[in-house]
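Order of writing sets the chain letters: A, B, C and D. Residues in each chain are counted from 1.
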C-alpha cells in the first residue's frame, strides 16, 4: 500500500508531484540520516550545559525568591499528589456543569430535527491547552452522536488537530458500538488562515443549518461571527473557551457557555480520565490556598488599618511572603 | 403594535450594516469633534514621562499590525513626541513581525516632522523586529545586546553610542509597551517589568484593556485603552504643550464617529430588547438551568 | 516509539526544568542556558514561519495541479506569496541596497505591504464592527439575570467611554458625583471588572501551571498529536 | 537593485491608494453576500501574509541572530557591521532544530519535527510555569490582600474606598468559588458562587463594551482611508 504522502491534507490522494518527492527521499534513505541527525541534536543540546566557564551571575540562589519557591513547591506538589493518587484509583468528585448536561439534550434535538451537529475545537494548534480540552470534549460528543445516529461535522483549522480529532472520533464511535457509522469525511482540515476558516464555517452554517453548534477551544475575533451566524439560523449553541475577551460574545449569543477554567473541568468531567481529575483537584487546592491567604491578609490588613497599625509587622510579613522579587 | 415591534426583531441585517456605516461616515464628513478629558489611569503615564529627568532611557515598543493602527498608532506617536520633547532618549523596538512599518510611520510623522534635528543613534534608535515572542523579552532581560544584536538598519548595537549604557533590561528607566495582543503589554509586564523592576506603562486596543486592569496599579503604571485612551493622552499632551495641537490630535478627531456609533449600538441593544419582550420572552430551549 | 515519543519528551523536560531552575539559580550553566534557550526559541520561531509558508504552498500547488474546485483562487494565493517573497528576500527596489532596512519606504516589499497586507488585514478586522452591531441588535437579549447584568454593564461602559456620558449626567449635584456615568463606568472597570478578571486570572493561571508541570514531567503528551 | 526598479514616491503612493482601496471594497462586498471578489481578496491575503512573516523572520532574526553569529562573514553583504565578530559554533544547535522542524514537510522524516516541537513546548511550559506563577498567581494574591476599611488622609472614614475594597475582595473570592469544582454548589457556597457569576458577568459586559469600541475605531480607520482615496481622485 502506498502511504499517503501527507496525511495533513483532507483529500489525501497521492499526486504525481508528491509521489516523486517521496520516492526521491526514500532513495536517498534520509530515514537513517535522520536518526543520526537526531542523536547529534541531543548531544549538541547537552553540550553547552557542560560549559561552566562563562562569567555570569555569581549567585547560586536568589534568596528573595525563596517565598516563590515554597509556593511553587506547594502548588505543584499538590497537583502531582492528586494526579498520582487519582491514577492509583482514588475517586474524585467534580461538580455538575450546566453546559455539559445540555450537550446530550442538544444532540438529541439534532436527531429529532434530522439535522447535523457542528463541532469546532477552536482555531489554535495542539500546543494550546484549550484545543486539547476541546478534543477531549469532542470524544464524548461523538459518543452521543453515534448512539443517536446523528450526523457530525468537525472542520478544523490546523492539520495536526484534524489528525488527532479523527482518531478521537473514530475511537468514540467504536466504543459506542457503531464503527460502521464512522467515516473520515466527518473531520476535515479547512485552512490555517483565521478568516478563511471562518468564511468556510459561516457558509456551512448558513447552507446546512445545523440544529446544534458546539464551540470548544481557543477562539479569537471569529467567536462573534460564529455565534451570530449560528444564532441567525436558530441553532442551539454551546460554547466553551478560556479566552476572556471572547467570553462576552459566547455568553450573550449562545445557550450555554463554559467559562474559563470550566472548559478544562468539563474535559476532565466528561473523560473521567484520572490524570485530569487529579490535577483538577490539585488546582482546587491552589484556589483554596489563594482564598485562605486573601482572607487572612484582608483580615490582618483591616485590623491593622482600623487600629492604627497594631498588626503592621504581621502585614509586612504576609506581603513579604507574596512579594514577587525582581531578579 | 406588539406584533409590529416583534417583527422589528427580524430586521434584515444589511439594514443594520448600512446604519452603522452611516454612523461612522457622516461624522467623519462633518468633522465632528467632542472634548476629551484625561482620566487618572492615562494621566499617570503622562506624569511619569513628565517627571523623568532629561536623557533618561525609555524603551518604547510597537507590538501591533495594520489592523489596529487607528487605535495604537496615535498612542505610539503621542508618547514618542512627548519623550523626545522632554529630551529623553528613545529606544524603539518591536516583537511583532508587522511592527517595523509602524515604527517607520512614527518616524515619518513624529521625528521627521517635529524633531528633524534629532540624531539617530544618540537620541533615538530603531532596534527593529526580532522573532520569538516572549522569548525575546526573556533574553533581553538577561542580555539586551544578545536579544537585539543589530538595529533596524543592520548596525551592530555595540557601535551605537546610546546603547553603551544598556546592558540588561533593568538599565531602562521606563518601558512603554504599545500592543494589541499576544505577545504584548501583558508579556512585557510578566517577562520584562516584573523580573527587572522597571516600571511598565501600556497602551492597548480596547479589546485588551479589561484584561490588563488587574495589573494596575501594582505591576502596571498606567494604561491607555483603545482610541479613547489615545485621545486622553493626546489631550494631556496638547494641554501641556499647545504647540502640538496641529500634529497630535489624530485620536481626538476619530472620537467623533466613535461617539455616534456607540449611541447607535446602544439604540440597537435597546430596540432589540424591546422587540424581544414584545414578542414574549421565550423560555430557555433546553431543560437544564445554569 | 523512542523517537516518536520519548526523545521529544526528554528534550521538553530538559528545557523546561532548566528554565524553571533558572528562576531561582542565576548561576551558570542555568543563567546562560536560560538566555540560550530563549534565543533558540526565537530562531526556531523564525523557522516556523518557513514551515507555515511551505505547508500553504504545498496545499495550494496540489489544488492547482489537480484542478479542484476554485483552483484559480489558489493561483492568486501562490502568486501573492511568490511576489511578496521575492520582493522581500531580494530587497528589490530598496534604495539602501542589500544593507537597507527590509521595509525601507519605496522598496517593493514596503509597497506590497502598504498596498496589500495593510488594507486587507485592517478591513478584515473592521468588518467585525458590522457583526458587533448586528449581534447587539439580534443576540444581546436580557434573557435572565446574568444576561441583564452583562447588558447593563456594557451599556454603561459604552456611554462612559464617550463625551455623551459626561454630558448626560453633568446636571447631577456634586454629592451624587459617584452616580454619574463616567464615575460608574470607571467603577465597573477598576472594581467589578478587576475582581472578575482577577478570579479568571488566578483560575487560568493555575490551569497553565498544572498543564505546564504535566508537560515538563511527561505526564501530558497529547501535544505530540497521537502516539 | 538596478535603479530603474525603484518606484518614485508619487507612484508608490498612488499604488497604495488604488490597490488598497479596491481590496478594501472587495472585502466589504462580503457584507452583502459571499462573492468571487471577496474570495480573491481573501486568497491574496493568505499568500501575502505568509510571505510577509517569512521575510521578516529571515531578515529580522535568521540573518542577524543565526547566520550572522554562526559565521559572520556570510552576512557581510547585508550586515557588514557584524562581519568581523568571532563565529559562535553553538548556533548550530538552533539551526539543526530549525531544520528538524522543516522536516515536517517531508513525510518520511517528519518525525524529527517532533524534536523541535519538544524544544518549543518545553520552552513554553518552562517560561509559562514560572511567569504565570509570579504574575497571575502570587502577585494577584498579594494585591488582593487589602484592608476592608479605608480612611481619608485627614483621618476620617472613607466610605467609598472601603466599599470598593469590599466589593473587590469579595468579588475575587466569589469568582474563585465559582471556579471551585471539588464541591457541590449548594447552600452558602452556592450563594457565593452565584454572586461570583454575577461579578464575572459584569466583567464580561465591560469587555463587551470595550470590544465594540475597538471594532468601531477600526472601521473609522478604514472609512478615513476610503475618504482619502476619493479625495485623491478629485484633486
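Basically, a residue touches a chain if its C-beta (ideal position, glycine included) is under 8 Å from a C-beta of that chain, and two chains touch if they have at least 3 such contacts.
Predicted, not measured: the structure shown is a model, and the values here were computed from it.
Colleague: Looking at every pair of chains, which has the largest contact count?
Modeller: C-D
Colleague: Among the chains, which one keeps its Cα centre farthest from the Cα centre of subunit D?
Modeller: A
Colleague: Could you grab the centroid distance between subunit B and subunit D? Build each centroid from C-alpha atoms only and quote it in angstrom.
Modeller: 13
Colleague: Please compute the C-alpha centroid of subunit B, do the same for subunit C, then give the distance between them in whole Å.
Modeller: Here subunit B and subunit C have centroids separated by 15 Å.
Colleague: Take the average of all CA coordinates in subunit A, do the same for subunit D, and state the distance between these two points in whole angstrom.
Modeller: Distance between chain centres, rounded to whole Å: 19 Å.
Colleague: Using the touch definition from the top, which residues of subunit A touch two or more other chains?
Modeller: Within subunit A, residues 6, 38, 45, 48, 68, 72, 75, 127, 195, 232, 244-245, 248-249, 251-252, 259-261, 286-287, 290, 324, 327 contact more than one other chain.
Colleague: Among the residues of subunit D, which ones contact at least 2 other chains?
Modeller: Counting only residues that touch two or more other chains, subunit D contributes 30-31, 45-46, 49, 52-53, 56-57, 60-61, 65, 78-80, 90, 93, 97, 111-112, 115, 117, 119-121, 123-124, 127, 129, 132-137, 139-144, 169, 172, 176, 179, 197, 200-201, 203-208, 210-213, 216, 218-219, 221.
Colleague: Could you say which residues in subunit B touch two or more other chains, in rising order?
Modeller: Counting only residues that touch two or more other chains, subunit B contributes 13, 17, 20-21, 24, 67-69, 97-98, 100, 128, 130-132, 135, 138, 154, 194-195, 206-207, 210-211, 214, 226, 228, 258, 261-262, 265, 284, 290.
Colleague: In the complex of these two chains, what residues of subunit B are touching subunit C?
Modeller: 9, 11, 13, 16-17, 19-21, 24, 34-37, 39, 41, 65-69, 97-98, 100-101, 104, 108, 128, 130-133, 135-136, 138-139, 142-143, 146-147, 152-154, 206, 210-211, 213-214, 216, 226, 228, 255, 258-259, 261-266, 268-269, 271-273, 276-277, 281, 284, 290
Colleague: Any idea which subunit D residues touch subunit C in the complex?
Modeller: These residues of subunit D touch subunit C: 1, 5-7, 9, 12, 15-16, 19-21, 23-24, 27-28, 30-31, 39-41, 43-62, 65-66, 77-80, 90-91, 93-95, 97-99, 101-102, 104-105, 111-112, 114-130, 132-133, 136-137, 140-141, 143-144, 160, 164, 167-172, 174-176, 178-179, 196-213, 215-216, 218-219, 221-222, 225.
Colleague: If you look only at subunit C, which of its residues touch subunit B in the complex?
Modeller: Residues 31, 34-35, 38-39, 41-43, 45-46, 49, 96, 99-103, 105, 110, 113-114, 117-119, 121-122, 124-126, 129-130, 132-134, 136-138, 140-144, 146, 151, 154-155, 158-159, 161-164, 166, 186, 189-190, 193-194, 197-198, 201.
Colleague: Hey, which residues of subunit A end up touching subunit D in the complex?
Modeller: It comes out as residues 3, 5-7, 21-22, 25-26, 30-31, 33-34, 37-38, 40-41, 44-45, 47-48, 67-68, 71-72, 75, 92-96, 127, 191, 193, 195-196, 199, 203, 244-245, 247-249, 251-252, 259-262, 265, 269, 280-281, 284, 286-288, 290-291, 293-298, 300-302, 304-306, 318-319, 322-324.
Colleague: Along subunit B, where are the residues that touch subunit A in the complex?
Modeller: On the subunit B side, the touching residues are 13, 141, 170, 194-197, 207-208, 210-211, 284-290.
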